[in-house]
Every structure is written in structure tokens, then in C-alpha cells.
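Same chain, two partners: chain A is paired with chain B first, then with chain C.
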Partner chain A sequence: MNWERLLMLDRRVIFLIMALVIALPIIFPFGLPTQVTDRTQRLFDTIDATREDQAVLLSTDYTPQTEPELHPMYISILRHCFARNIKVLMVTLYIEAAGLMDVGLREVMDEFNARATTHEDSIIMGEDVVFLGWKPPPIIPILAMGQDIAGFYKQDFYNQETATMPVMQGIKNYRDISIVVAFSSGSSPLWFVQFAQTRFGVKVGAGVTAVSVADFYPYLESGQFSGLLGGMKGAAEYEELVEREVGVQGRRRATEGMSSQSAAHIAIMVFVIIGNIGYFATRRKR
Partner chain B sequence: MHRKFPLGLLIFFGILGIISIFIPHPSWEAFDGMLRNKVMLIIGAFALILALGNLIRVHYLKIKRRAKHWPFSIVTLLSFFVTSIIGLFGDSGANTMDGSFRTIIGTFEFDIMTIYFKILVPLGATMFAMLAFYMASAAYRSFRAKSTLAALLLISAFIVMLGQIPVGAAISKHIPAISDIIMRIPNTASKRGIEIGVVLGMLATMLKIMTGIERSWMGGGE
Partner chain C sequence: MHISTDPWVWIGVFLTLCMFSFLYRENGFYRFGEHLFVGVSNGFGVSFMYNNVIKPNLIDPASESFRLAFTGEFSWNLFNPMEDVNFIVIIFGMIGCLYFARFIPKISWMVRIPIGIFMGYYTGLSVPAYFQGTVLRQVGATIVNPAKMSSFGEGLIAILVLIGVICTIIYFFFSKEHKGVLKGASWVGIVFIMVGFGASFGFTVMARMSLAIGRFTFLLRDWLGLVQ
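On to the complex of A and B.
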């Protein structure tokens, strides 16, 4: 076998193989069971234990680049909260995320409202959920929410006054928040640990990209994070939990994407193995 | 004066920020809250103006001097002005509750979210999606077990990659467990070391700035 030629393989061939490996499983998915890890279960349990007089605060701080990994986490947690009648407050520290949050929220609200038969079953903006929008710079909202959330976010994303909203009644600051879950392609979960947890004692959970999950493990191990979702697999695990434990059916985007991600990981490993065999074969020759 | 005044401000507000954590008195907390929620927002707004002014200046000079890749600066400035004009004259979404932000200037009507969903979202997704292709190509050409350490890194990478997909558990139920051990123990230990080093470095830099030893932040090349 001519290993030297193989090692010099045109990178366009590699690109073509990758394109097929990623695209084909999207068209023809091979369903594999999702095993729920302890870090995902911990986040689920903390949200599930939210009291009636508390709310969950979601900070959605990702850009469209990381939407396939982080958006399904956000959708699943919204489904979980709405199904358990948990109040949801939402903010974003990145302006680029605001549009995605709005679309995701409407999608989940429509899902629930299509099934609703009574007013109590429906999800109503301002009653069950509020999207507080974006205010710069990032550290200021994190600190300000420790004092007075409605005082800082006087109007929501849609210019509605927040202080009079039913969802805000009894929710003053972090003392009334069961957990802050930050979905981030950057460092926002750490900002919540540094500025909200250290100072105000609120629990923090994180949903991060697979490539950055290693950076957040020290905070999970120290107990500063009450759960961690890592990449598309973390999102697929949460989808599994929401369907199994809460009984909410809906499109499982992360689970759909796992076939493609599995194939891509295996393809890269095969490339590395071939590359190494070629390297040792040609080295012996030299 | 032009050096002592900003340094004095920095020391004053720096100390305020530190001591606020140690004074749990309601009146002090209110004062601290006012500093954080009002003063810092105003400073942030000025910083935004400075940043936007700087963006325009840098790209204008690049175009004027025909610097390397100057056509991209035209795209940047055009995008900036078009988006800003549409955004500035746009409806804030009040009472619509439909997530649209319409700009109406005379007979011209446009929703700024169209730019977001039709340009920003697909461009961002494309940029990130291309990484998979470059990573595959780079892995094929560069990821070699040239030494024992490199071989260990390669094996760890394989286990963690398999642990991140359901196929790993399908091959062996031990793969996700071993992947988790790698992430929880050696990874956490090394990350902690790095984090502690970074924080100590930040503390040292903060002390140098607050004591006036480090003055490069004021400009002037000192």
C-alpha cells in the first residue's frame, strides 16, 4: 500500500467524506439509547425541586454558532418548567441570543397551548413566564438581580411593565430563585458563580458546548454548579429525562442530532488511526 | 494631574468595590447598589459610544490607506450603518408581542429581525459548521502518537470522544464511566491548577494597578 500517497490525500476528499458522514445520519438516523449522566440528573432534580413560591432564572447567553448544541437544552428546560408549573424568568447577557430566545419561547408556549384545555393549563406571557431581555454590560444585571429584578428590568423584551406582572409577584431577587441556569458558549456560568452565587448564595447550573465542558468540571466537582449539561449529548440526556420523568412529548432536536455527531466522531477517529498507521509505516521506511 | 486624577479615581472606586463585600449594612448596600446599577450603567453606555467610535475610525482609516483586506472594512461599515439605521428607527416591539421590530420610514418598512434570522444566524452557523471539516483534516494530518505522552493524549481523546456519543456506551458500558473519570479527576486537577494560577496573576495585576506600579492602562507608553 502506498502510505505516502494516502497521507498526502487531498483535503477536499476528507471534506467530502465528512459532509457525507454528517449529512447521511440526519436523513437516515440510527437511534441509539441515551444514557443519562449524573451531572444532568443533578440539574434536573434541582429544577424539579423548585417550590411554588420560587422561580427558575434562565440566562441564555449563546450565539447562533452554537445553537444546535445549546438551544435544545433551553427548549427542554422550558418544557420541564412549564409542565411542572414552575415560574420562569429569562434574561440574556448576549444581544445575539435575544432572537433565538424569543423564537424558542414561542415554540414551547405554542406546544403547550395547543394541548391546553383550560386557562390554568395554558402558558401565558407575564403570568407563567417573562423574558426580561438584554442589558449591558453583563456583570451589571447579574449583580443587580441580587437586589431587585423588576427594579432593574423595569420593562420586558416586549416593553411591558414587569413590576405588575403576575409572574413577578413574590419574586424579588435571587432569594426567590431556586436555580439560575446559564446556557453559554462563553463564560457566563462562571460569572453567575463569581457574582451571584458567592455574593447572594443562589444555586447555579450550566449548559455549555461540548468543546468547553472540560473548563467547567472544577465547578461541578466543587459543588458550585448544581448540574452541568455538556454539548449536544447533555441536551439529549435532558430531553430523555423530560420525556421519561415529566411525560412531555415534543421534538427532540438534540437526540436527532446524536446520530450525526456519533458518525462524525467515529469518522475523525478513523482518520486519526489511518493517519497514525501511515505515519509509522512511512517512518519505518525512512 | 492628568495621571494622578484617573489613578485616584481608580484607587477610590477599587477600594469601595472591595470593602462593600465586608459591610452588610442596608444603607451601604443601597449606596453600593446605586453605584452598580446606575453609575456603572452610565459608564458602560459611554464605553459603548467609545467602542463604536473606535470601530468606525479603525475601519475608515483602513479603507483610506488601502490597508490589507480593506474591502472587508467596507462590508463592516456598511453592515454597521444599515443595521444601526434600521434599528434606531425601528419599532421597539411595544404592544405587538409578536417578536417583530419594524422600522417604518415613509413607505419603507422593514423588520430588523429579518437581518438577524436571514443573515446573522446562517452566517454564524456556517462559520461554526466549517470547524468540523477543518478539525477532520487537521486530525488526519497532525494528530500523531510521536511520543508516549502524545500516545496517552490520543488514547484519552478517543475515550472522551466515545464517551460523548451513545456509540461509546453501545460498545462498552465502561467507556462513558472511564470518560467521566478522565474529566472529573485529571482534567479537574489540571484546570484547577491553571485557574488558581490565573486568579493569582489577576490579583497581582490588580494590586499593581491600584498601587500605581502598573500604569500602561492610562496610555502614553509608560
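On to the complex of A and C.
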């Protein structure tokens, strides 16, 4: 084999191969089973154990470029909460995320309301969920929610008074929150650990991009995170749990991408192996 | 195959292909997409910041304070910073405006005032939180105790974590030449660091592929309708 020629291969050929490896499984998925890991199960169980007088606080802190990884997590957890009649409070610490949250929330509300037959089955803004919006700088809302959530977010994202909303009745501060789940392409789960958990004792879960998940593992091992979703794989695991345990059907965005993910990983491994063999083969000749 | 007729999808497709064209080589379409992104991001950020921060926290309370003061409804509460409507916000607004002092050479030193306040506030807030939330808890998590020896697997991992932390710290300990025991320990530290780099690289590949999958799903599903 002519290794020199192979190692001089135009990188655009590799891009083309990767495009095919990603595109073909999207059109023809080969449906590998999704194994749920312990860290995903722990997050699911913590949310599932939310009492009637508590709410789940979702902090959605990601930008459009990480949407394929984090948006499916957010959608799945919304489905889980709505199916279990768990109150949901939503905030965002990133300015760019507000629009994405609004679109995702309306999508899941429409899904549930299309199936609803009674008022109780429906998901109503202000009764079952409130989107409190964005307020800078990030640390201030995290600290303020330890005192009085409705006092800090006097109006929601849609300019409605929060204090009088049915969803806020009995929800004062972190004492009434079963878990804060921060979906982040940055460090917001750590901010919640450092400023909300250490001061107010609230449980924290995280949904993070694959590129940063290695940085967050120590917090899972130390028990500071009550669960961790890592990248598209973590999102696919949560989608599996919501469908299997809660019985909610819906588009599974992360699961759709897992065939391509697996194929791409195999391709990258093959490239790494060929590259290494080529390097050592040509080095011996030199 | 059912090609989308939504103009927003077509705009998204055009910009996606503009970005992908960089993989072939640098070109005008890529630069157009890049500059458009920067412009739109800044425009979005500035307008959102004005409507969600400056207007409700500075302009509305200050203008309402003036209205009350000049319509015979003046009260000393207008000087109470804890009230929703007060004059005090103007002082904070003026301190914030000092950020622009750097554009005027004679008074450019005044930019240090808001920077000093901001840094002092955040340092005071962050240092204790970082120590409590990260340093102390993470050090505590490396301590091997009987609770971590509940099974062979968990015990092994706890010991590995302890060895990894100590050896990695030794690798970054530069006050003594790495000879003898220190040399061996720092070599073990390198092994742990390399394993860490390998894990990070694997996760990075996964993350980048996820982003590509997101764009390809958009092209194949939302635009071309090849996937249901």
C-alpha cells in the first residue's frame, strides 16, 4: 500500500466521507438500542419524585449552535414534567436562549394540548408552567431565587404578573424546588452548585454538551449533581426513559441522530487507526 | 421527497450551505454568512438588553420618578433605592456610563470606577462560593472512607481517583526536581492526564458530530423532506 499517498490525501475527501457517513444513517437509520446509564436514571428519578407542593426549575442556558445536543434534553424533561403534572418554572441565564425556550415550550404544550380532553389534561401557561425569562448578570437571579422567586421575576417573559399566577402559589424560593436542572453549553450548572446549592441546599442536575461533560463528572461523583445528561447520547437516554416509563410519545430528536453518531464514531476510529499505521509505516522507511 | 416551501427554511438552508462551503475553501459566501451572523447577534443582543435591562431598570423608574416629582406627588420614598420607582437608579446609571469615559482621553481614568466596583463585587461573591462549592467538596470527594468501600468496584475507583489526583498534582509540582519517587509519581500523573485528554477528545468528537448531525437533519428533514 502506498502510505505516503494516503497520508497526503486531500482533507476534503475526508469531509465528503464524513458527510456521507452522517447523512446516510439519517435517511436509513439502523436503530441501535439505547442503554440508559445510571447518571440519566438518577436525574429521571429525582424529577419523578417531585412532590405536589414542589416545582422543578429548568435553567436553559444554551445558544443555537448547541441546540442539537441540549434542546432534546429540554424537550424530554418538559414532557416528563407535564405528563406527571409537575409544576415547571423556567429561567434562562443566556440572552440567546430566550427565543429557543419559547419555541420549545410552545411545541411541547401544543403536543399535550392536542391530546387533552379536559382542562386538567391541558397545559396552561401560568397554571402549569411559567417562563420567567432572562435577567442579567447570571449570579444575581441565582441568588435572588433563594429569597423570593416572584419578587425577583415580577413579570414573566410575556409580561404577565407572576405573583398572582396559580403555578406560583406555594412556590416561594428554592425550599419549594425539588431540583434545578441547568441545560448548559457553558458553566451554569456550576453556578447553581456554587451559589444555590451551597447556600440554600437545593438539588442540582445538569444537561451539558459532550465537549464539556468530562469537566462535570467530578461533580456527579461527589454527589453535588443529582444526575447528569451528556450530549446527544444523554438526551437519547432521557427520551428512552420518558417514552418507556412515562408513556409519552413524541418526536425523539436525539434518538434520530444516534445512528449517525455511531457511524461517525466508527469512521473516526478507522481514520485514527489508518493514520497511525501510515505514520509508523512511513517513519520506518524514513 | 417533499421540499419545503417555507421561506425561513430556505434562508436557513442558504446560510447553512454558506458555512459548509468553507470546508471546500475560503470564499465570499462563507464570509457573507459569517458577517451576517455577527451583525444579527449584536443587533439581537443590544435590542434585548435595552428592552429587558436598561428600560425596565433605569429609564422607566427614573422617568416615573420625574413624573411623580413634577406632578405634585413628590415623596421622600423617591430617594429610597428599595422602592420600584426611585431617583437613585440615576446614580447607578451614571456610574455605568463611566465605561464610556475611556473614549475621552482626559477623563479615561474614570473607567476604573465601574470596573473596580464590578470586580470587587464579583470577587467577593465568587471566591467563597468557589471554595465552598468546588475546592472543599472536590477535595472531600477524593478522600477514601469506608462508605466508598461498599463494593470492590467502587473501592477500586475511589483508590484510582486518589492516586490520580495525588500523582497529577505531583506532575505539576515544580519546586523540586522530579527524581526517584517523584519521577515515578509524576509519570503516573502523565498517564492519568493522557487518559483525561483522550476522554476529552472522544467527547469533543461526539459533540462536533452532534452539531453536524443537527445541520444534516435540518437539510434532509426540514428542507428536502427525505426523512419523516
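The rule is simple: the second predicted complex is superposed on the first by the 286 of 286 C-alpha atoms of A that agree within 3 Å, B and C clash if a C-alpha of one lies under 4 Å from a C-alpha of the other, contacts with A are read in each partner's own complex, and residues count from 1 in each chain.
Just so it is clear, contacts are C-beta pairs under 8 Å (C-beta built on N, C-alpha and C of every residue); 3 or more make two chains touch, one makes a residue touch a chain.
Since the structure is predicted, the reported quantities are computational estimates derived from the model, not experimental observations.
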Determine, under the contact definition given at the top, whether A:147 touches first (chain B), second (chain C), both, or neither.
first
In the overlaid three-chain picture, which partner chain does A:67 touch, first (chain B) or second (chain C), both, or neither?
both
When the two structures are overlaid on chain A, which partner does A:37 contact: first (chain B), second (chain C), both, or neither?
first
Figure out whether A:197 sits in contact with chain B (first) or chain C (second), or with both, or with neither.
second
Under the stated touch criterion, which partner chain does A:256 make contact with: chain B (first), chain C (second), both, or neither?
second
Touching partner for A:102 - first (chain B), second (chain C), both, neither
first
Counting touched residues of chain A, say whether chain B or chain C comes out ahead.
B
Touching partner for A:15 - first (chain B), second (chain C), both, neither:
both
Considering only touches as defined above, state whether A:264 meets chain B (first), chain C (second), both or neither.
both
First (chain B), second (chain C), both or neither: which does A:214 touch?
both
Which parts of chain A are touched by chain B and by chain C alike?
15, 18-19, 22, 65-68, 96, 135-136, 199, 210, 213-214, 218, 221, 230-231, 233, 261, 264-265, 268
Where on chain C does chain A make contact in their complex?
23-24, 41, 44-45, 48-49, 52-53, 122, 125-126, 129-130, 132-134, 137-138, 140-141, 161, 196, 199-200, 203-217, 220-221, 226-227
Would you tell me which residues of chain A are touching chain C in their complex?
12, 15, 18-19, 22-23, 26-27, 65-69, 95-96, 98, 133-136, 139, 190, 193-195, 197-199, 209-214, 218-219, 221-224, 230-233, 253, 256-257, 260-261, 264-265, 268
Counting only contacts in the complex, chain B reaches chain A at residues 21, 29, 33, 36-37, 40-41, 44, 47-48, 92-97, 99, 113, 116-117, 120-125, 127-128, 132-133, 135-137, 139-141, 143-146, 154, 158, 161-162, 164-167, 169-170, 176, 180, 183-184, 187-188, 191-192, 195
Complex contacts: residues of chain A adjacent to chain B:
7, 9, 11, 14-15, 17-19, 22, 32-35, 37-38, 63-68, 96, 99-100, 102-103, 106, 125, 135-137, 140, 143-144, 147, 152, 157-160, 199, 210, 213-215, 217-218, 221, 230-231, 233, 258, 261-262, 264-269, 271-272, 274-276, 279
